[in-house]
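Every chain is named by a letter (A, B, C and D) in the order it is written, and numbering of its residues begins at 1.
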Amino acid sequence: MADNLLTIMTFFPVLGMIALLFIPRDNDAMLKSFALAVSLITFLISLPLAFDRVFTTSGGMHYREFYEWIHVGEFFQMNYNVGVDGISLWLVMLTTFIMPIAILSTWNAVKKNTKGFMAMLLLLQTGMLGAFISLDLFLFYIFWELMLIPMYFLIGIWGGANRIYAAVKFFIYTAVGSLLMLVGIIFVYYYAVQSGAPVNGFGVHEFYQLDLPYNAQFWLFLAFGFSFAIKVPMFPLHTWLPDAHTEAPTAGSVILAAVLLKMGTYGYVRFAMPLFPEALPTFIPYLAFLSVVGIIYGSLVAMMQEDVKKLVAYSSVAHLGFVMLGIFAMNMQGMAGGMIQMINHGVSTGALFLIVGFLYERRHTRMISEFGGLAGKMPIFATIFLIVTFSSIGLPGTNGFVGEFLALMGAFESDLRWFAVFATTGVILAAVYMLWVYQRIMFGKVTNPANEDIKDLSLREIVVMLPLLVFVFWIGIYPNTFFDKMNPALEQLIEQMNNRQVAVVEVVEPVVANVVDYK
Amino acid sequence: MITVTHYLMLSAILFAIGTLGVLTRKNAIVVFMCIEVMLNSVNLTFVALSRHVGNLDGQIFVFFVMTVAAAEAAVGLALIIAFYRNRESIDVDDFNMLKW
Amino acid sequence: MYSNLWLIPFFPLLGAIINGLFGKKIKNEAIIGSIGTLAMFLSFLVATQNFFRLIGDSQKVHEIVLASWMSVGNLQVNWELLLDPLSAVMIMVVTGVGTLIHLYSIGYMHGDPGFYRFFSYLNLFAFSMLMLVLGGNALVMFIGWEGVGLCSYLLIGFYIDKKSAGDAAKKAFVVNRVGDFGFLCGLLTLFWALGSHGVWTINFVEIAANAHLLEAGGVLITVVTLAFFLGATGKSAQIPLFTWLPDAMEGPTPVSALIHAATMVTAGVYMIGRMNILFAMAPSTMLTIAIIGAATAFLAASIGFAQNDIKRVLAYSTVSQLGYMFLAMGVGAFSAGIFHLMTHAFFKACLFLGSGSVIHAMHHAYHHAHLHDDPQDMRNMGGLRKKMPITYWTFLLSTIAIAGVPLFSGFFSKDEILWWSFGSTAGHPIFWIIAVAVAGMTAFYMFRLVFMTFFGEQRTDARARDHIPESPWTITVPLIILAFLAVVGGYVGVPKILGGGNHFGEFLNPVFGHAQELYDLHAHGSHAVEYTLIALSVCIALFGIYMAWLMYMKNPKLPAEFTAKFAGVYRFVFNKWYIDELYDFLFVNPCKRIGTFLWRAFDVRIVDGIVNGCAWVLKGCGAGLRYTQTGYMYNYAVAMVVGVVVIVGFYVFG
Amino acid sequence: MENLVQEAIQNVNLHAVMPSLILTVAGMALLMVAVFSPRGKTTHIAWLSIASLVVAGVVTLAGWNDTQTGFAGSVQLDNFAAFFSMICIIAAGLAILMSDDYLKREEFPVGEYYPLILFTTAGAMWMVSGTDLITIFLGLEVLSVSLYILAGFFRDQQRCNEAGLKYFFLGAFSTGFLLYGMALLYGVTGTTKIYDIAAYVQANPDTTTNIMFVAAGLLMLTGFFFKIAAVPFHMWTPDVYQGAPTPITAFMSAGPKAAAIAALLRVTIICLAGIQDQLTTVFWVLAVLTMTVGNLIALCQKDLKRMLAYSAIAHAGYALVGLVAWNEIGLSGILFYMLVYTFMNMGAFAVLVLIGRRGEEQLTLEGFSGLGYKKPVLGVALCIFLFSLMGLPPTAGFTGKFYIFAGAINEGFIWLAVIGVLNSAVSLYYYLRIMVFMYFKEPQEDFSWVTINAATAVSIVISVAGVLYLGIVPAAVMQFAKMAGL
């Protein structure tokens, strides 16, 4: 079990999907519960990872699995080469954790063709998990593209009014980026082969050691970075996101926000940055600039939205801006902040989309103006919404704060100080748009008669939200659970990049401050 | 004294005539004839060159070209007839149902 | 030894959780109320115990590490509490006043559907406030810092169906966020600044111990302290961020008393006190603080003249008094600032609760008479001293205290500040003049308030007049206790010159003395000067009271004439100097406009337009190209020939 | 004298032509069978021709790795030829499988149909194994002539006539150029055997600068460009593909095209290696043009068959990329890609065959509305083929493209690769649109006329299997392609 846990975890959902196809399509209840069971089992399978102490001690890859896959003489070797380290660990956990929630959240939302819906979700999960554990660029690319297909159908079939446009846009926009990355991947491989460098198929660890000329790194980083930037999404490549989010069904939005967007940021951490460290300093200022623009721009645009879901979508742009800024600080605080902020965004924004979903299920509209004064009608909902709102604002004690604070701290320590100052204004703007929307939906008198007899959350919906709330506070109050496992990997990563002569702000060794009593 | 060059020139001219014919004529049969002219100019080239390089491969080639031309003629005319049955016309301008 | 310190914030948290989760089930107000109050009272007991333990202790600074919070690279943050004289004073104030106000709320909130919610929030607030004051490092403090912000948001917006309440709540939080922006920038810059000297810490004690690594009066320290001060202005409603406090009066009156008078709004002052060494190192910042403080004090007092809403008057008075405290901090009179903070907590809490008691009564009366007049408008009051004697007496005493009449608490604290603002090395006579002027104004508008509310003929609607009751004991008891404190509270810090031993200052010395002597902050001047100043200030205060009596007791025509004469000035002052409008014009509306522009014009048209444009262009090309497929065979042939000619020609002739 | 004859007879070596010989004989025999079998009964002929294809396939595979040269070196059945022969056989087999029911539906069950496919295949085999310009030409013509007939097979359908005629005229026209090129080549080198030509060029290098030689080579290539539908010689493709009977369209787009590419490869790599630089430029330009034009025009097609025709053009462009690379990876990449393409494209057409109605009127995008719900299995199958055509993992289309672009990048043609991938990004749009109609639109009719018959189902299943197999575990076949590389 243990020695190929990852494989089992990754492909269990797709097996479940195949099994699901044999369930009669009209038996909704069974389909749902089966899918839920599959996702839950996947979560259970993945649990041992979270409790494995090995991550706290060594930052390397664990649970490695390696099988030769496509070997054609000296033409190319692709291997099935997977593993997790402290960086991917929590993203994997997030994926397996969010999936049951997503499935449970759509219990009543999905009316037509439940079978297909569940099948797509499970297929999607395999794609996401695979992408996170791949240590072979080719394998990574395959899972990366595999994610597009189910998402395309999720948006296109079960989506809203403008779903076709959104789905096609999502698909092509992300594909354009990844195709350029494909060229990059192939180039890296053949450069390595021709320069006689040791390669292990498309194994990323061998490529880390590959010393590409600066010129090549420049273009390659452009290719990889572009593809990941679309997925993140960084301003100005973000416009597919509002459409996709708004049109996607709740579960789709949740997964899209919680996991798919992380693919981009994860891609930067795992591939784009360590593979091309010499080119990195050239780009960091621009990327940091774009991140900051994303933060402010996303917030300002989110502020004026009339559609809650669009608002949340734009707020994602802002949140991911913090993630990117932290990562580009390239020091422990920044990296760790960025990583934890990925998880936070998954939890908080996921929760927000669920909340929007609850509202939509009740009123079949997402227009803020349609609501108002719900706090009196649905107190439980009000409380949960409030907590999530403040976690998304980044109130200390909730997860959001830890991420934003560390990301900013990292940026302040690095050369990105001035960007960080502007980024910090995002803290204000976040409060503005989140509190404003909360006020417009929850406070005031009930003006719209349609809201008069609106129901409070059902038990199922509460059950859906609770785990997320737990993590809101857990990460907020004791984030070390996550940092302990994250730090070694990050340290290793940063050291490795520093060794490749990356210009990062040098870290002064802490000296013990002599504590004096003043008297 | 007539050298191989003259033959080649002649065949080239014939080939050009054939080509232009295909481009300009509208009657399917005529177009087909033009193509035949092209093929025969090629034959001429082969024969001339065969004589020039001094082996028979070229002339053997010509035999095959002629047979193939014959076969094509059979098929082509059959197709034209079939088309004529349906449209009462063999004007290539009428080959225009399938476009864009 | 101080290991039970964690209980102080814990009890309120517990109360908050219990009431928050099960309050709805419990329903019974008595139980809910007593849970809340009991929680506060318990933590008050623990606080007292630790307080006296600390007095007896020679070791004045104690750090208690509860757990690790986050450890990332060179950043190690713990859940740690810090008990030193400063925090000791604060916890006493918070828990003490807090307990009384909880008790008060039982009566005041009686019958409100959100009763349990209220107590849960109130406890949660107490928890956050205690975390703020006990926090041993900047982040734990920041937890409290934001926590109180959250609670004030919740409590201001407590009446969820009142739109104005919602707006006020949002405004309060957002304005505070602007302050937090400053706080964060300051903190992060400080962390990096010290770090670049090899000390990666946000722990207060370590900061204080290593502050000397930074260049005193240098740019860096100035930036850091200014950033922190921005945070303080947000929390403590100073220029430029004071506008939220008056609106905050939308919340229930006990909230105004606890949060917006006694505790939360003083957080800024406390924070400066906590980091006094850094501020002491940055003279220019100190000057800024003093100026801002003085300006705020004056501005708010002037607005206080013209308000008719009883709570709003008190709100502006609070802003003005906070200005005092900042002035004190600015001139290096740290302990005086804290001292005034404490006394202010007593009398201002008492005043708010008193006003609450009045409003409660008026509301009750109107409700009884089915009228919808504004129970907070002083023009509907008058002559209440007969109807509610206890409220009246307590209120009067506190008013005297705030007016700075000798032998009352306000006198001592205020006088200390006045003296420092005049004689301190960081002070200046101008500060003194402004401060004294404000003292006079304070006396004036406070007594205006008293006269309009409790004296003169009853202006209340005749139908409601006879239904104005005195409040129940849960309300009056806290009033009495607070009034008592307002009277005697000052005696812990009677300055030497008045024969006291300024025990308060001595007690706080371990916190402030270090900085004060290191960077030479002390008041100097002959006793003669000091006596004269005291005399002057007292006279001005009395003059203010006299003016109030003249205008609102002797001949009530005067105010009308005044306003008629100085209509322009009056309108300007009445509309709070149009600050809100200014901010709307400068920040709020532009933001909205920019947001709309970015979204509708930029994002949709340009950014997304480019994306769709690419698709459109490609499709266009396709649509154009397909017409090369004319369907005519000879065109196809032409294409082929052209192809051949080009390809061959390119090599044969090119 | 006798020993000359002896020698000639020894030179024949029928092993070298055994597969095509089998198909030819079978074809003739089946023609007889067709004559003597009752009107409208063609199913048995279909199965017999399948059988003959299987036999031919087995024989071909049996000859793997032992190169047979026949007819005095004018035919050479090497791995390269064998690989392409297999592609043609598979294409023909799939085409026949989907034909039987189709002919009945079109009410034109005529027996000659199947022998003609066999002849085409035989011709294709001659073409791929020909090492003499004559044999290549013969193969090409045998293939073409039978295809002319098949393209215009439904003689009472005007679109079909037109398709046939256009194909015939333009085909013959291009043959002219091909022949003229061959003639000049013969004139320069004095031989028609391509290895001798190569040897001649080796012997006197100045040939490569001989304008006559260059012109001859390019003229000859245009003939092949026409067959593989490279821009600007592509214009017949959409019309013919649209008009021809669907199974024939499918077959054309796979088998003959593969054969043409094979011949192109052999001739280019062996005879014209001397002028590689010039040719690379030509191929580069043609590849880019072909990809781009094909994809762009496909963007705004409503008729499925026509859309797939343009996509076929684009895919020819991708194949040319491998030729630009002109290295082992690129060239064997082409082999692999043609196989992949055979499966995915014929699979897609097989689905079209099922969806179509008599007269082919129903093959517009709207006609596909809601297909995914009414006929889920067909829908999924078509989706797999489309994803493969897009080049998305884990389908064969991806591995194929990867193989080819790998070749180009390995040779340093980065920009070509970039253009290539951007093109496939463009192509996403029109493939996705088909799915949009299949799944995102409400059904307009219930597709009651769609009856899934065994044979076509089999062809679809085979294609799906092929696409997935070559997509997920392609190593083995890639190995074959590598060995088959020239």
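By our rule, contacts are C-beta pairs under 8 Å (C-beta built on N, C-alpha and C of every residue); 3 or more make two chains touch, one makes a residue touch a chain.
Nothing here was measured: the structure is a model prediction, and the numbers come from that model.
Colleague: Mind having a look at which chain is the central one, using mean CA positions?
Modeller: Looking at where each chain's C-alpha mean falls, the closest to the middle is A.
Colleague: Cα centroid separation between chain A and chain B, in whole Å?
Modeller: Those two chain centres are 66 Å apart.
Colleague: Could you tell me the distance, in whole angstrom, between the mean C-alpha positions of chain B and chain C?
Modeller: Using C-alpha averages as centres, the distance is 98 Å.
Colleague: In whole angstrom, how far does the Cα centroid of chain C sit from the Cα centroid of chain D?
Modeller: One centre to the other, that is 80 Å.
Colleague: Using Cα averages as centroids, what's the distance between chain B and chain D in whole Å?
Modeller: From the centre of chain B to the centre of chain D is 25 Å.
Colleague: For chain C, write out the residues touching at least two other chains, lowest number first.
Modeller: Expected reply: 615, 626, 629, 631, 633, 637.
Colleague: Going by the contact rule already set, what residues in chain A reach two or more other chains?
Modeller: 172
Colleague: Of all the residues in chain B, which ones touch at least 2 other chains?
Modeller: Each of 19, 22, 31, 92, 95-99 in chain B touches at least two other chains.
Colleague: Tell me, which pairs of chains are in touch?
Modeller: Chain-chain contacts present: A-C, A-D, B-C, B-D, C-D.
Colleague: Which stretch or stretches of chain A touch chain C in the complex?
Modeller: 169, 172-173, 236, 238-240, 297, 300-301, 303-305, 331-333, 336-337, 373, 375-376, 379, 390, 395-397, 401-402, 405-406, 408-409, 412-413, 417, 420-421, 424-425, 427-428, 431-432, 435-436, 439, 442-445, 477-480, 483, 487, 491, 507-511, 513-519
Colleague: Across the complex, what residues on chain C touch chain A?
Modeller: Residues in contact with chain A: 24, 59-61, 67-75, 139, 142-143, 145-147, 150, 153, 157, 160-163, 165-167, 169-170, 173-174, 177-178, 180-181, 184-185, 188-189, 191-192, 195-201, 203, 205-206, 208-210, 510-511, 513-514, 591-592, 594-596, 598-599, 603, 607-608, 611, 615.
Colleague: Considering the complex alone, what residue numbers of chain B touch chain D?
Modeller: Going by the criterion above, the answer is residues 8, 15, 18-19, 22, 28, 31-32, 35, 38-39, 41-42, 45-46, 49-50, 52-55, 57-58, 60-61, 64-65, 68, 71-72, 75-76, 78-80, 82-83, 85-87, 92, 95-99.
Colleague: Looking at the complex, which residues from chain C come into contact with chain D?
Modeller: 615, 618-619, 621-623, 625-626, 628-629, 631, 633, 635-637, 639-640, 642-644, 647-648, 651-652
Colleague: Which chain D residues qualify as touching chain A in the complex?
Modeller: Per the stated touch rule, the residues are 328-329, 332, 373, 387, 392-394, 398-399, 402-403, 405-406, 409-410, 414, 417-418, 421-422, 424-425, 428-429, 432-433, 435-436, 439-440, 473-475, 478-479, 482.
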